[in-house]
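The following pair of complexes shares a single chain, subunit A, combined with subunit B in the former and subunit C in the latter.
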Partner chain A sequence: MKKLFAVALGVLSAIGGFVDIGDLVTNALVGSRFGMSLAWVVLVGVLGIVVFAEMSGRVVAASGRPTFDIVRERFGPKVGLLNLGGSMAVTLLTYIAEIGGIALSLELATSVHELLWIPVTAAAVWIVLWRAKFALLENVFGLLGLALIVFAVALWQLGPDWSELATSAATMDKPASEEWSTYAYFAVALFGAAMTPYEVFFFSSGGVEEKWDRSSVATMRSNVFIGFPLGGLLSLAIAGVATVTLMPEGIEVETLGQVGLPVAIALGKIGFAIAILGFFAATFGAACETGLSLGYSIAQYFGWQWGKFVRPREAARFHLVILLATILAAVVLLTTIDPILVTEFSVVFSAVALPLTYLPILMVANDRGYMGPLTNGRLSNTLGTIYMVIVLVASIAAVPLMIWTKMGTS
Partner chain B sequence: MSEIHIRGTLDGQLDLLDRQIVSSDGLLIANVDDLELEERADGTLIVSGVLVGPGALGRRLGGALDFIIVNTWSRLTGRDPDDPQRIDYAHVSDIATVLTVDESREVIDIDGLETWARVRVIEALPGARDDRETSTPSTEPSRLGTGPAQAGDRHRFSQLAGMRVVFSDGRVGDQVTDVRFGRGEPRGHLPRLVTEGLVVGRHTAGTLFGYDRRRQQGPWLIQKILRLLHRSTGHVAWSDIRSIDWDDNVITLSTSELTRLDDL
Partner chain C sequence: MRLRLAALVGALFITSSCVAASPDADTYGDAAASSLGTAVSEVATVRTLLELLDSGDIPRPAVVAQLRYSEDALTKASQGLGSLNPPPEQDALSDESGRLLDEAGSLLQEARIAVHRGEKAEYRTIVKDLDDLGARLEKLEASAS
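And now, the complex of A and B:
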């Protein structure tokens, strides 16, 4: 019974914790401009994150080694350092976007300007990372994030023509008013949002925090195989409600309020309030995950003690990194930069950085010396190889497409 | 349980370098930033210690980073730039996916930056030490650096890996990409690691995925690509080395060709 409860809790947290500011903004924006014609990218992205999260979870269960330990061992210190620099730049960008997202949710709830909330939210995130127990921060925000189910409810309440939605998703039917280059740009952005590298850093380091071993593989798999796809359904629901309500009106999503607007239309004030709670939980949870990921990855590259399973004084450099990153994020946001713009950049550069994370995991998951009986089987390797190709294409195409389409505005 | 968990021979780059070092009580100490090799009378080298910290890592990064990191570290710690922190091999109690040492974290003076961050920043913040009494750091100096007396010249693994090889007929070959170790008589807890041979290949030391050595390793596509890149890779037995020039970074061989790794 206790075990069942633990599994259910893990799955529910995985669902609620799947969506972050990148998914919220990108899915709503794509829904409002392209309808469901890019839904296939979400499916591809979710399957990709499932494949690689499961692989990295298995590496942790077999060897106790998280992602950046492996990056450094496999690539050596020079290439490893380049990889660290690239991955951390993207994760920092995501961290900034998430903290901005919390401030925007609070602005929606209180009508107090977002800039006034930024010092408060940055301090709150830091206090949680400093004091809260790992299991607490993982589960509380994950469960609160389930409030985003309100998007699925809203979609059902709106009573769309389901067959039309399904047809546009299945035929990848691009609206005539949009260019193919813009379509490709948003495909890459959606893919980057679904497969954000920090998810794997956090997932694998979290496995070490929770002391996974070979017996944890079943639990880990249930979280990944059930939780992530259901979380992906929430992403589709966000795009779906935008398709039904915003696209016919010609509204392009530019603010977090517009992401929640379809829920307000469908369910009124109460629904909108629940959506805001969902935004808050999703961004706060993701801010914790990205903040920790920064500390995890840098500490793992250099071999420092890290983690919340030891007291802060035993992992002093790890906590120093988190503190400095939080201050930096607040400073950047206080320049009055638009967090939504930061988010759009973060998902595109996530797509650029994907191979840096996923290639070493695929390689080490094949090393018998590490993995023993948990070495990759044929299915993992086939999917892993296919995804390496997809990830490489997305990575190479991302920046040219961004420039070509002027970030999707042309 | 003191043991080397890796079967057969150990390859320095692949099995030792950049691995995590863990204290006897399971806390993380550092990474293996370099290995210290000691010459023996019979011409072989043994692993005499593990080098850790910026003083060792900087050298491997090379270029401007080497200069900046090593000199900054040297200024801040007051240590000689050529004298990085070391852990003697006699204190290594276990080699697996991590290296374990035989002392607890409390008595190991890990790193100046860690101490500085702890004393100046972390412990000064509210909530850093209320759950337990702060233990005073042990005044007993760490013994990790101590070991059997030095018996020959000492070198860094990272210098040996990267050296150019010259065949007996005067042809200049590729470079050393890895060094293979066998097991000798005990030093401390473990059998000492004695050089058995060199892996020589076209690509720089650092392409270390092991695909040049293990035939069965998947996935298929990556294996094919990497094996193609490594097709010139071969092995030289240590006994086929005539001389090692540590000043010019050249190894002269007494053989005129490499053995294919698959044939070993």
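And now, the complex of A and C:
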């Protein structure tokens, strides 16, 4: 019974914790401009994160060490540093976007300008990362993030023509007013949002925090195989409500308020309030995950003590990295840069950095020396190889498409 | 020599950045369509917000926050187009889009003031005006692109 409860809690947290500011904004924006014609990218992205999260979970279960600790040992400090530099730059960008997302959620709830919330939110995130226990911050924000189910309820309440939505998704055809280059740009951005690198850093190091071993593989797989796809359905629901309500009105999503507008149309004030709670939980949870990921990866590379399973005093440099990253995030946001713009950059550069994150995982998961009986099987390797090709194409295409389409505005 | 060349390139870059762009007719048309598209989106957003606020379906703080963003986005779009030198053959488009963008700015300002004062009676009049303006903006956007 206790194990069943742990599995259920893990699955629910995985669903609620799947969506972050990048998913919220990108899915709503794409839904408002392209309808459901890019839904296939969400499916491809979710399957990709499932494949690689399961792989990195197995690495932890087999070795008791986080994936990128092994990457450094297996590939040496130079390759490790390249991996660390690229991945951490993107994770820092995501961290800034998530803290900005919390401030935007609070602005929607209070009408107080987001700039005034930035110092408060940054301080709150840091205090939670410093003081709260790992299980608490993982489960509380994951469960509160389930408030985003309100988007699925709103879609059902709006009573759309389901066959029309399905046809739009199946035909993958862009609206006549959009260019194919813009379609490709948003496909890459959606893919980057679904496969954000920090998700595997957090998943892998979190497994060590929770002391996974070979007996934990079944629980880990249930979280990944059930929780992530259901989280992906939330992404599709966000795109779906935008397709049904915003697209016909010519509203193109540029703010978090516009992301929530369809919920107010479908469910009124209470629904909108629940959506704001979901925004807050999703961005706060993701800020904690990205902040920890920065500390985890840097501390693991340099061989420092890390993690929430030891007292802050014993992992002082790990906590110092998180503190400095939080201060930097607040300073960047206080320059009045638009957090939504940071989010758009973060999902595109996530796509650029994907090979740096996923190639080492694929290689380590094939190393019998570390993995023993949990080494990749034929299915994992086939999927992993196919995804490496997709990831490479997305990575190479991301920046040229961003410049060519002026970040999707042309 | 290299230093002088770098200084010259730098000076040219800075000078050219300070000069208003003079695009050809097609590029100006695309820029106008993009600005008008932003205006269509923001006008429709504010119209929806006022309808929801009037029927009590959205919390007021969220409307106040979104109105701020919609006004900012419209101002940026309007200034962006206004900073371009239109080619002579696009004078009519430039005049008409400038007029409609100004009108949109005024209506969004009216909406903000009405929401701030809680003047519910004004909402429906503004919604009707936004509806009418939205249709004209869409028409001009379609002809510009």
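Just so it is clear, the second predicted complex is superposed on the first by the 410 of 410 C-alpha atoms of A that agree within 3 Å, B and C clash if a C-alpha of one lies under 4 Å from a C-alpha of the other, contacts with A are read in each partner's own complex, and residues count from 1 in each chain.
Definition applied: a contact is a pair of C-beta atoms (placed from the backbone, for glycine too) under 8 Å apart; a residue touches a chain by one contact, two chains touch by 3 or more.
The structure displayed is predicted, hence computed values, not measured ones.
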Next item on the list: Identify whether subunit B and subunit C fit side by side or clash on subunit A in the overlaid structures.
Entry: fit
Item checked: Partner chain in contact with A:Glu199 - subunit B first, subunit C second, else both or neither -> neither
Next item on the list: State whether A:Phe75 touches subunit B only (first), subunit C only (second), both chains, or neither.
Entry: first
Next item on the list: Considering only touches as defined above, state whether A:Trp304 meets subunit B (first), subunit C (second), both or neither.
Entry: first
Notebook entry, point to check: Comparing subunit C with subunit B, which touches more residues belonging to subunit A?
Noted result: B
Notebook entry, point to check: In the superposed arrangement, which partner chain does A:Trp130 touch: subunit B (first), subunit C (second), both, or neither?
Noted result: first
Check: When the two structures are overlaid on chain A, which partner does A:Gly64 contact: first (subunit B), second (subunit C), both, or neither?
Finding: first
Next item on the list: May I ask you to decide whether A:Gly260 touches subunit B, subunit C, both, or neither, giving the answer as first, second, both or neither?
Entry: second
Margin query: For A:Glu209 in the superposed arrangement: first (subunit B), second (subunit C), both or neither?
Written below: neither
Next item on the list: With the two complexes superposed on chain A, say which partner A:Glu138 touches: subunit B (first), subunit C (second), both, or neither.
Entry: neither
Next item on the list: Could you read off the angle at the CA centre of subunit A, spanning the centres of subunit B and subunit C, to the nearest 10°?
Entry: 130
Next item on the list: Using the superposition on chain A described above, determine whether A:Ala273 touches subunit B (first), subunit C (second), both, or neither.
Entry: second
Notebook entry, point to check: How far apart, in Å, are the nearest Cα atoms of subunit B and subunit C after the overlay?
Noted result: 24
Checklist line | Where subunit A meets both subunit C and subunit B, residue numbers | finding: none
Checklist line | Footprint of subunit B on subunit A - complex, ascending | finding: 63-65, 69, 72-81, 130-131, 299, 301-306, 310-314, 316-317, 319-320, 323, 362-363, 366-370, 376, 381-382, 384-385, 388
Notebook entry, point to check: In the complex of these two chains, what residues of subunit C are touching subunit A?
Noted result: 30, 34, 37-38, 40-41, 44-45, 48-49, 52, 56-62, 64-66, 68-69, 73, 134, 138, 145
Item checked: For the subunit B and subunit A complex, residues of the former touching the latter -> 6, 13, 15, 17-21, 27-31, 33, 52, 57, 60-62, 65, 97-98, 105, 111, 113-115, 117-118, 121-123, 125, 127-129, 131-132, 134, 205-206, 208-210, 214, 216-222
Note to self: Per the contact definition, I'd like the list of subunit A residues that touch subunit C in the complex.
What the structure shows: 107-111, 113, 177, 249-252, 254-255, 257-258, 260-261, 264-265, 268-269, 272-273, 276, 409-410
